[in-house]
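The letters A, B, C and D name the chains in turn, as written, and every chain counts its residues from 1.
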Amino acid sequence: MRTYRLVIACPDRMGIVAKVSNVLSTYNGWITEANHHSDNLTGWFFMRHEIRADSLPFDLDGFRRVFAPIAEEFGMHWHINDSAVRKKVVLMASKESHCLADLLHRWHSGELDCDIVSVISNHDDLRSMVEWHGIPFYHVPVDPKDKTPAFAEVTRLIEEQQADCVVLARYMQILPPQLCQRFAHRIINIHHSFLPSFVGARPYHQAAQRGVKLIGATCHYVTEELDAGPIIEQDVARISHRQNVEDMVRLGKDVEKMVLSRGLRYHLEDRVLVHDNKTVVFS
Amino acid sequence: MRTYRLVIACPDRMGIVAKVSNVLSTYNGWITEANHHSDNLTGWFFMRHEIRADSLPFDLDGFRRVFAPIAEEFGMHWHINDSAVRKKVVLMASKESHCLADLLHRWHSGELDCDIVSVISNHDDLRSMVEWHGIPFYHVPVDPKDKTPAFAEVTRLIEEQQADCVVLARYMQILPPQLCQRFAHRIINIHHSFLPSFVGARPYHQAAQRGVKLIGATCHYVTEELDAGPIIEQDVARISHRQNVEDMVRLGKDVEKMVLSRGLRYHLEDRVLVHDNKTVVFS
Amino acid sequence: MRTYRLVIACPDRMGIVAKVSNVLSTYNGWITEANHHSDNLTGWFFMRHEIRADSLPFDLDGFRRVFAPIAEEFGMHWHINDSAVRKKVVLMASKESHCLADLLHRWHSGELDCDIVSVISNHDDLRSMVEWHGIPFYHVPVDPKDKTPAFAEVTRLIEEQQADCVVLARYMQILPPQLCQRFAHRIINIHHSFLPSFVGARPYHQAAQRGVKLIGATCHYVTEELDAGPIIEQDVARISHRQNVEDMVRLGKDVEKMVLSRGLRYHLEDRVLVHDNKTVVFS
Amino acid sequence: MRTYRLVIACPDRMGIVAKVSNVLSTYNGWITEANHHSDNLTGWFFMRHEIRADSLPFDLDGFRRVFAPIAEEFGMHWHINDSAVRKKVVLMASKESHCLADLLHRWHSGELDCDIVSVISNHDDLRSMVEWHGIPFYHVPVDPKDKTPAFAEVTRLIEEQQADCVVLARYMQILPPQLCQRFAHRIINIHHSFLPSFVGARPYHQAAQRGVKLIGATCHYVTEELDAGPIIEQDVARISHRQNVEDMVRLGKDVEKMVLSRGLRYHLEDRVLVHDNKTVVFS
């Protein structure tokens, strides 16, 4: 069923819900899902509606004209998306295939509602897997001595393909600050630890060193500061003394896949609202 | 913060949210939490609002007068409760203390927002624990040959104490049908299995017999049919071949306590809406 | 590292461990992992050792000759396998790809230590996915009016390929009793419910009907009685009123994949011992 | 059933298991549970046996005499405990009652196999709860300007009562280094975060600040370095944007109780072996 997704964040005050639901009701908008959240700490209000597209007498532009005055009155940050307009996603990977294969299969079986426009990798290993899915594969090697040309090419590809969203599916390279800024809240990373524990390289080795009893993974938006962006989703798996680092890597892969695919799904369905460095996720 | 909790279930149609939020907005009602659910299968709509009591210009009766026409217009099943009016709860137990002690401690430490008006038990074992908490304890033995007098006395006590809610904290006796009917959706039971598996007696023995790898517990409203009422909450714990029935009983206790206290909390906060034999839980 | 896996089940009595570890010690066997379990209920003892192959002065046949007298003395059911001899696995699937794709990727990335000798399906849909992995695909349609020819062909293929193990990766057909018996404890199924709840067809619909708060999956050995074989592994995922049957199917897929791949891994590594209708899993 | 628990850690080499099981077999020791672990990283071997006390022809001292030569030969760190000799435990608490009440109830209902010899607290609030259980309560206030007298008194009490184990059930004071050293691997703390995240004060506030999607708790041995000792057990609970710090505190309490009681149970049953700063837990 085709829906419009209306997503709003604004300073909290009386009457927001009434005003928004009145507009929707006036035009006979059929709400299929509604979520609200008042954040006491920041005094902000967050709201998401799914509205049946066929219940409204206008298209997105029509909606925007009708809604703009309300949005202005309440100082809203807002957007409305059409579920029928699939987001364009660029996947970035390195040599490890588990997250990439998982996302490709979900996409291929119709579970992930987006267009995967390309896969960019700094290695050529996963080309055949990607191309079997009918998706273009770009091999952009990264020269450790001068990464600038590689990231210029990556940026060029992302822009050329008009990506709405970039997913770092275990890409293993740190993106330059300009790229992080230009695509703020549109680059999703999976980090293989339960952040803020074990930031940076080799988190499973760090976990083994510390002797933790659970390992985790964190899906977050990429910001300039490494592994410090707004967290979208996290999960953990139990380990014991019997698991060495190799076992942790293997068990961790399953957590990474699950957490990344859930986080991406929330993002694609406009369920994630970022405020300061935190997220509201209407899952 | 004192709130009113407005809980609504009605056939789904356009304009419900607008109508309700308009009323609230008209009287400057400050919504601190709102939840909606449209059930596609049954075509029903469920809704719960928490509204700051001090933001409205009238008390509950005033609200009811204002709201009654809308409720009638939409064919609503509805109620509104005042968070400052604590529900009266009767706990029923037998010899096992884990669920009772857990609820008593949560109540004693202020975590469970209700008045525990009494504990009724078919055994006298837990009297001292209950009385230390300053709660009256009633020992009502159940004669296996004729249970009628005992349940007459139980019913009398519940009514005398004007209980809003009865919690079977491992009471181990099957309530008579009339009692189930009279307090429909107000008697909460904890069953020590992941229902619908292992209905009836000795579920951990049944679980051991079947060789399951997880054991569970189920919090549900009591109906005439044994262990078949609407489920409020469930959870599980992992076991292996190493756990015998005694271990399962011990591990299961922790699941039972958690599940019962969560389910009761949802009920006390008017978060559970029953429709047919299922629940909507706005947790 | 190449190991021998010595797996033993026998009536419990004094001295078993001493006897077995003495033999291993006498021949300088280097034990890398050891697990024991005494089952009080049945009076049976279960034991699994991994021994570095290069630490022993003989091959498997040599070991068997040395060990046979001990095995006889204690009435052992036992076998020893070489980790370097990969088990031959036949996967069976229908139209749903999630379990199959998951197993194929785990195998392809080296995580699943076996030879997948073929995929047999009653539909042709997944051929391309299978063949991309370099694995033969057999389309054996099942005529609902007469299933005998199909299962004769399936049996022929399994035997021709000398499969050690058959995995029903959402095959959706009930195997005939003779097949179940011939490959007892070697056919692994994934059932999409937390058994013994929701045996048979359309378990997610049954779960939605009952209003459970968790859905699950069960990996078990196939026996003649439907969904009643020894359970190897189970897990669950949380749902709420917001999830309809389609959501449950989607969320359930992830549980199914995880549970099946874990169960198969345990089987491939000779970690599952069946006794009566239950399993000891030395995970 | 009364058992002896034989716990061994030593450099790994051939023949340890054979030697140990031979001794046990020689004296007709009936092993009810056995666990082994070879740690590849450190080259150490860990082993725990439970042996029926009534199957051996001698008492603990007799066992020690027989076993000493083997222990010396293999350079073992080892001890053997009698399950019938309950460990003496001192609980330390502050004002928060949830962990204390949980441990007291488990002990009172026979689930926790130890003697709780006293409760020491820097506040007098929980006296009545403790004394209802028949356990002496010591109020030892801590002067923030000079903590030395308080910890001298605490140390004196612990020694006077010959405690085998001290449990900090949310004691909220940092123990002085000498105390940590004197009772190394015998003081158990519950920290209300998933360590190594959120070391130190107010971890739930830190968690809210970072916007994590899971909160956790960690049971660990206390060392001189704050929240850095060997981890015994950890667990987590899911949260979302809807939970504020107060909710996190409430939800966290349940995780803390579970994790502390599990960790303590492992310790009491001699299931925890510490090596370097990590634990082997034969749970």
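We adopt the following convention: contacts are C-beta pairs under 8 Å (C-beta built on N, C-alpha and C of every residue); 3 or more make two chains touch, one makes a residue touch a chain.
These numbers were taken from a predicted model, which means no experiment stands behind them.
J.: Count how many hops through touching chains it takes, at the least, to reach chain D starting from chain A.
T.: 1
J.: Nearest 5 degrees is plenty: how much rotation brings the CA atoms of chain B onto those of chain C?
T.: To bring chain B onto chain C, one rotates by 180 degrees.
J.: Chain B to chain C: how many Å between their CA centres?
T.: Centre-to-centre distance between chain B and chain C: 41 Å.
J.: Please compute the C-alpha centroid of chain C, do the same for chain D, then give the distance between them in whole Å.
T.: Inter-chain centre distance comes to 37 Å.
J.: Which of the residues in chain D end up touching chain A in this complex?
T.: By the definition above, chain D touches chain A via 37, 39-41, 46, 194-198, 208, 210-214, 216, 230-236, 240-242, 244, 277-281, 283.
J.: Would you mind writing out the residues of chain D in touch with chain C in their complex?
T.: That would be residues 14-15, 17-19, 21-22, 24-26, 28-36, 38, 55 of chain D.
J.: Which of the residues in chain D come into contact with chain B in the complex?
T.: Chain D reaches chain B through residues 97-98, 101-102, 105, 108-109, 111, 128, 132, 250, 253-254, 258.
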